[in-house]
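Paired with subunit B in one complex and with subunit C in the other, subunit A is shared by the two complexes that follow.
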Partner chain A sequence: MAIAGAVARRSATSRLVEAYGQEFVVLGAIIALFVIVGAVNARFLNDNNLVNIFSGNAYIAVAAIGMSLVIISGHIDVSVGSLIGVLATIAGTLAVQGYPVWIAWSVPVLVGIVINALVGALIAYFRIPSIVVTLGMLSILKGGLISYTGGTWITNMPPAFFIAQARLFGIPAPVYFMVALTILMALWMRYASLGRSIYAVGGNVEAARASGLYPERICVLAFALHGFFAGIAALLFATQLQVIQSTVPPNLELTVITAAVIGGVSILGGTGTVIGSTLAAILFACISSALVFLNVSAYWLRAVLGLLILATVLADMARRRRHRAGGRL
Partner chain B sequence: MSRYLLRHEAILAILLVLALFVLALQSDRFFTLDNLLNQGRLMAEVGLVALAMTFVIVSAGIDLSVGSILGLVAILLGIFWQKLGLPLPVAMVLGVVVGAIAGLVNGIIITRFRVPPLIATLATLALYRGLAEGISQARSVRGYPDWFFVLGQGEVLGIPTQLWIFLFCALIAAIVLGMSTFGRATYALGANAVAARFSGIPVDRTILLIYTASGLIAGLAAITFVSRVSTTRSDMGTGLELDVITAVVLGGTSIFGGRGTIIGTLLGLALMQALKNGLALAGVKGDGTIVVIGLILIATIVISNLVRRDVDG
Partner chain C sequence: MTSLIELNGISKSFASVRVLQDISFDVRAGEVHALLGENGAGKSTLIKIMGGVHRADTGEMHVNGNAVHFTSPRAAAANGIAVVHQELLLFPDLSVAENIFMGHAPRTGWGALDWPQMRRRSRELLDRLQSHHIDVDARVGSLSVANRQRVEIARALSQDARVLIMDEPTASLVEEDVQQLLSIVRMLRDKGVGIVYVSHKLPEIFALADRVTVLRDGARVGTAPIGELDERKLVSMMVGRPIDQLFPKQETKIGAPLLEVRNLSFGAVVRDVSLTLHAGEILGIAGLIGSGRTELALTIFGITPATSGNILVDGKAARIGSPQQARDFGIAYVPEDRGLQGLVRSQSIQENISLTVLKTLATGPLIDHRKEEKLARDSIARFGIRARGPRQIVRQLSGGNQQKVVLAKWLATEPRILIMDEPTRGIDVGAKSEIHALMSALAARGLGILMISSELPEVLGMSDRVLVMKNGTLVGEFDRTHATAEAVGAAMTLANHSGEAA
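For the complex of A and B:
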């Protein structure tokens, strides 16, 4: 009896921990980082730096929302960095060529949706592993972009184009995008039946099929949404500076995947929330800024990211083994 | 199964002959001994890593960290030799050992912690590259002694040195995969890991050995790479995994495991290098060729999936 009681108590708390545990851990890490780095170097907490951290990295958080959907649905996308580079270049080029600003904003988002819906269709209907398709897409987009533009800088966009530089009540627009999209998607994933079905497909494809879902369509949907978020991320990225360097932002895909994974999206699919991925994107931005303020060479940043992913994945696997319920490994 | 394999390789061989023929017609510089040997030199690093990758993919795994291991070993080679003052041969051996350890770490993460190979090696891709960047602080190492360049720029009996190394390794890989119990175990666990375990095959040990070999051979490739370009930089080998995986998959190895041969990989490598070279001679720049490689990677798998469905059904 005592044992049964203990098990029940443990499962009640562990259910709460399992539901949002990772999000709390990441939030705690952010707060701890602020306290510690702020104590070492007070300039870390200065307004300018905080704006830089939140606003300058909002596009990573937005892209990580889409990546979370893809990973939750049981897939992965290593081409998102190249896609954002391509879409940002499209946006800038349209703006420079004198198209109305709303066209320069909406075309990249549409292109992102179409490209990734095609990727999703290749994965779902031709049964090609997502890593292979997106590895191929990575080189197609990257190679295509660089050989088309030669990596030139795009300048002279009309002032109205720079949406990421707008401010409302002193807070930069990217922060609003990040917060609004995160909340919207968190609600959609939790309460909408389509949102739930992404978890179902990622958790167990055959069970989802047996209960009347169409895993192929949901895969295409997840990728199309991912394309939408990549498009928004590309806009924020393209409009935050006065120039767009028409190349692929280095390591962006890795940063986005890492944000999703560290935010608690299990790499095996089926679990995780977009709140976690956004918090994790903020955590990274804090870490890379903190490295500067702690006088650690920025060249160590990627090693830190790698260690973080590894630690999170190992913890995820350990947790799964403890709470093994479903058969899927 | 073997009939399918033979057919895939026969198709590849025909494609290769066709490609060579077309390229030879396109440019009179293509079909010269100099150019072909030079292409072999350029292919050697990708080729070496592709040999081990064939084992990895046949075992239903994947190793995305090979490019980063190559970069890490290249950096450490420079550090061991220049900063620590070790004799260069010792530094070379230590470098290869580090490569093997990096591969072993991949294997341990995969077998001990049951992390899917894709994720494990994606994490170590970031980690190893990060270590290379952090250790080197993006500074390059130059000024290696002349004898060292024999490996990457020299010739033995008129054939580039690293091509000998590659051919030697290819022979060993072909024998091990095709004729040894270890090779049979690799196919078995790639086709069905659970069945392999129940048949008494040491699954975990086989996986550990495969990933260790993959790291070791990436270390070896790092040394010929450094010797070929006479300098060490932390971004060496970036994107190598794409070339390697494309060559292996093009060579008929199933991305789902259980199927593939070294001969297929060799044909895949030759076809890919011929295409790269042909495109370059036709005036396409380096970035244009990676578009083609991406397209080939996707197209090959789409086609092979369609063909396989026909064969199965």
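For the complex of A and C:
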């Protein structure tokens, strides 16, 4: 009995590793980073820094959830950084002009949903490749934003607006958003038939169509959800500081895409989880903070991220090759 | 007369599947040597070995008496062997001249492309092919299929090809272009080029070939001068293996009509097709690739909805405009290409099987995982799918087990009409007979099965009735007792032959 139980448990563990291999790798990397950097410089582990790591980067993790949906469905969005900038500006402008806070919060989320649903519709019904549509959106949004704001920063928002600065039990609100949305979407992707359909369409659109799904509608849905998450990310970004910069962090879209890919989302569509993308976003935040504490120039961050992408893809390919060789029955 | 190219004892396996066994073949100067065989007989592999794409495992190849080992298509071309591929491997956005000299363009003393010479020599080559109307500066993508083919032949000649291999050159040509192509082939032959000619169309073979070699299941059935053969004899060489007990269709009671198709058309590829499928019946559809069989299935299933005609299910008119609607009428479709339309290979067995029935498995927006897993476990047991469990990724299964997953997925919808397109293509003999037994059992339970297959023995062994398609229309109907390999094979291949033998 005991032996049988052990065997069963081991196979359950190995199943878990097989299904969530990439997620475990990223989680292991985060833990290793905390242990090593904490040993070198104990201040890395103090409260302030942990808040910085988790809370200051939660908006990237939230945006990466939506990006994962889009990539799993077989598409890509290179405009999300500009979209977040536009939505943050909308939120700030509404707040400054004296609209109630709930309007300043909800309008950008709705606008995000509508814009990306339109993007999804262009891709699905006019059969324009997503890279083309979203490259266009990137320019439209970025250009529009700079023209409208003239590069100035938005200040003087009412105090109630700053949702990202709120705390509950000492933990900042963005962390709650990140954790709750990740868990919710992980469950939805796994247990809802629509979530399942996104994987099917991304894995093989013709088989999905022949099975009675509507790939066009699912594409629009994935982009609309992505717009929702971009809206939430924009709120967290807009309310974490006292000012809203009209220039979002450069290359934000690339950081978000990288998080999804390092988290195990196949760039070809069909596989991956949002747990992985959130963990990967946290890993980035850890790395950039660790570089500071190890007195390494922050300019190395992008180089490190690049190495990480290549290492991830190589590890992924090695794992697949092993499966193909050993797993065939 | 000496041979331009001579192959001796060529064998070739792919991943332990033997596709060619001990093949000997030769081509002499100034002859057309036709290569025949059913789909999967090994013709394309043999062509690819001669063209330098594949290397033989054993056996030897001689060109002009010298032993050669081609490591690439370029090496084959350097030895004077050129292939005109069925799918015409040209660059649509480049000009005719660029395409003809791609990879071996004439150079100036500076090493730059010698455009005037390239254009002049292209002109000469096309003129040799009586293609004075093709502009050497035209974009290849703007040319008709027939003209593109001439560009490819010119390309072969530009490399001084002594052996020209043509893979089903007339498959996508209209009759007028076919005649012109045949005259070009004759002209080349008279100039001493050796031609390997692959075609399914027997009239062409008799009009053109000097000798014929027939392959079947990777082995050579025979080589003979055309004068010693007639059409019946050729067909029986191609398909005439004894039909053994691989195909266990049980006798079942044929019930009421389930599916009636009346004058169904889809554009020009399915034309005016009428058929009736009864409960408990397996209705086989035979025909060559490109005869409109698959297109007929896609039209009935609503993937390419009919442009005219009617479909009746249980005697009542059924409007089928999408796969969803077809499914709701109790129709299921096991597609020709598992990878393309059948499976999401990156997902598990469980997720694939439930894809057609997500709605019935879900309560509200959420899938009932316990029900889903039970369905998958039942399917694995019922279809004998060899897998570690319902969570195994489909990509990791063998072809036969993948095909069983496709079957399981569609039978989960509890269909009454099952369309199967090439149900056993590319799977091994054991899994094949398991799938045949499953089909037989399903028919015995009252399902109507419409089976499309390129394998004549399968069609003849499994079907209660056989329909033959050609050029998008039905050209023959045979009941089980009259459906012989010769009769059905003849209806599939012969020109202007509408065999009404039923």
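Definition applied: the second predicted complex is superposed on the first by the 298 of 329 C-alpha atoms of A that agree within 3 Å, B and C clash if a C-alpha of one lies under 4 Å from a C-alpha of the other, contacts with A are read in each partner's own complex, and residues count from 1 in each chain.
Definition applied: a residue touches a chain if its C-beta (ideal position, glycine included) is under 8 Å from a C-beta of that chain, and two chains touch if they have at least 3 such contacts.
Since we're looking at a predicted model, the values are computed, not measured.
In the superposition on chain A, A:294 makes contact with neither subunit B nor subunit C.
Comparing subunit C and subunit B on the residues of subunit A they touch gives the larger count to B.
In the superposed model, A:243 makes contact with neither subunit B nor subunit C. In the superposed model, A:183 makes contact with neither subunit B nor subunit C.
In the superposed model, A:40 makes contact with neither subunit B nor subunit C.
Look at A:271: by the touch rule set out above, it reaches subunit C but stays clear of subunit B. In the superposition on chain A, contact is made by A:140 with subunit B only, not with subunit C. Of the two partner chains placed by superposition, A:32 touches none, neither subunit B nor subunit C. In the superposition on chain A, A:171 makes contact with neither subunit B nor subunit C. The intersection of subunit A residues touching subunit B with those touching subunit C, taken from the two complexes, comprises 329.
The touching residues of subunit C, counted against subunit A in their complex, run 301, 303, 323-324, 327, 333, 335, 339-347, 351, 354-356, 358-359, 361-362, 365-367, 369, 386-388, 391-393, 395-398, 401, 409.
Within the complex formed with subunit A, the subunit B residues making contact are 62, 109, 113-116, 118-120, 122-131, 133-134, 136-138, 234, 239, 241-242, 245, 249, 255-256, 284-285, 287-295, 297-298, 301-302, 305-306.
Note for the complex: subunit A touches subunit C at residues 15, 19, 191-194, 196-197, 199-200, 203-204, 206-214, 266, 270-271, 323-324, 327-329. For subunit A in complex with subunit B, the residues that touch the partner chain are 76, 78, 122, 126-129, 131-133, 135-140, 142-144, 146-147, 251, 254, 257-258, 267-268, 297, 299-307, 309-310, 313-314, 317-318, 321, 329.
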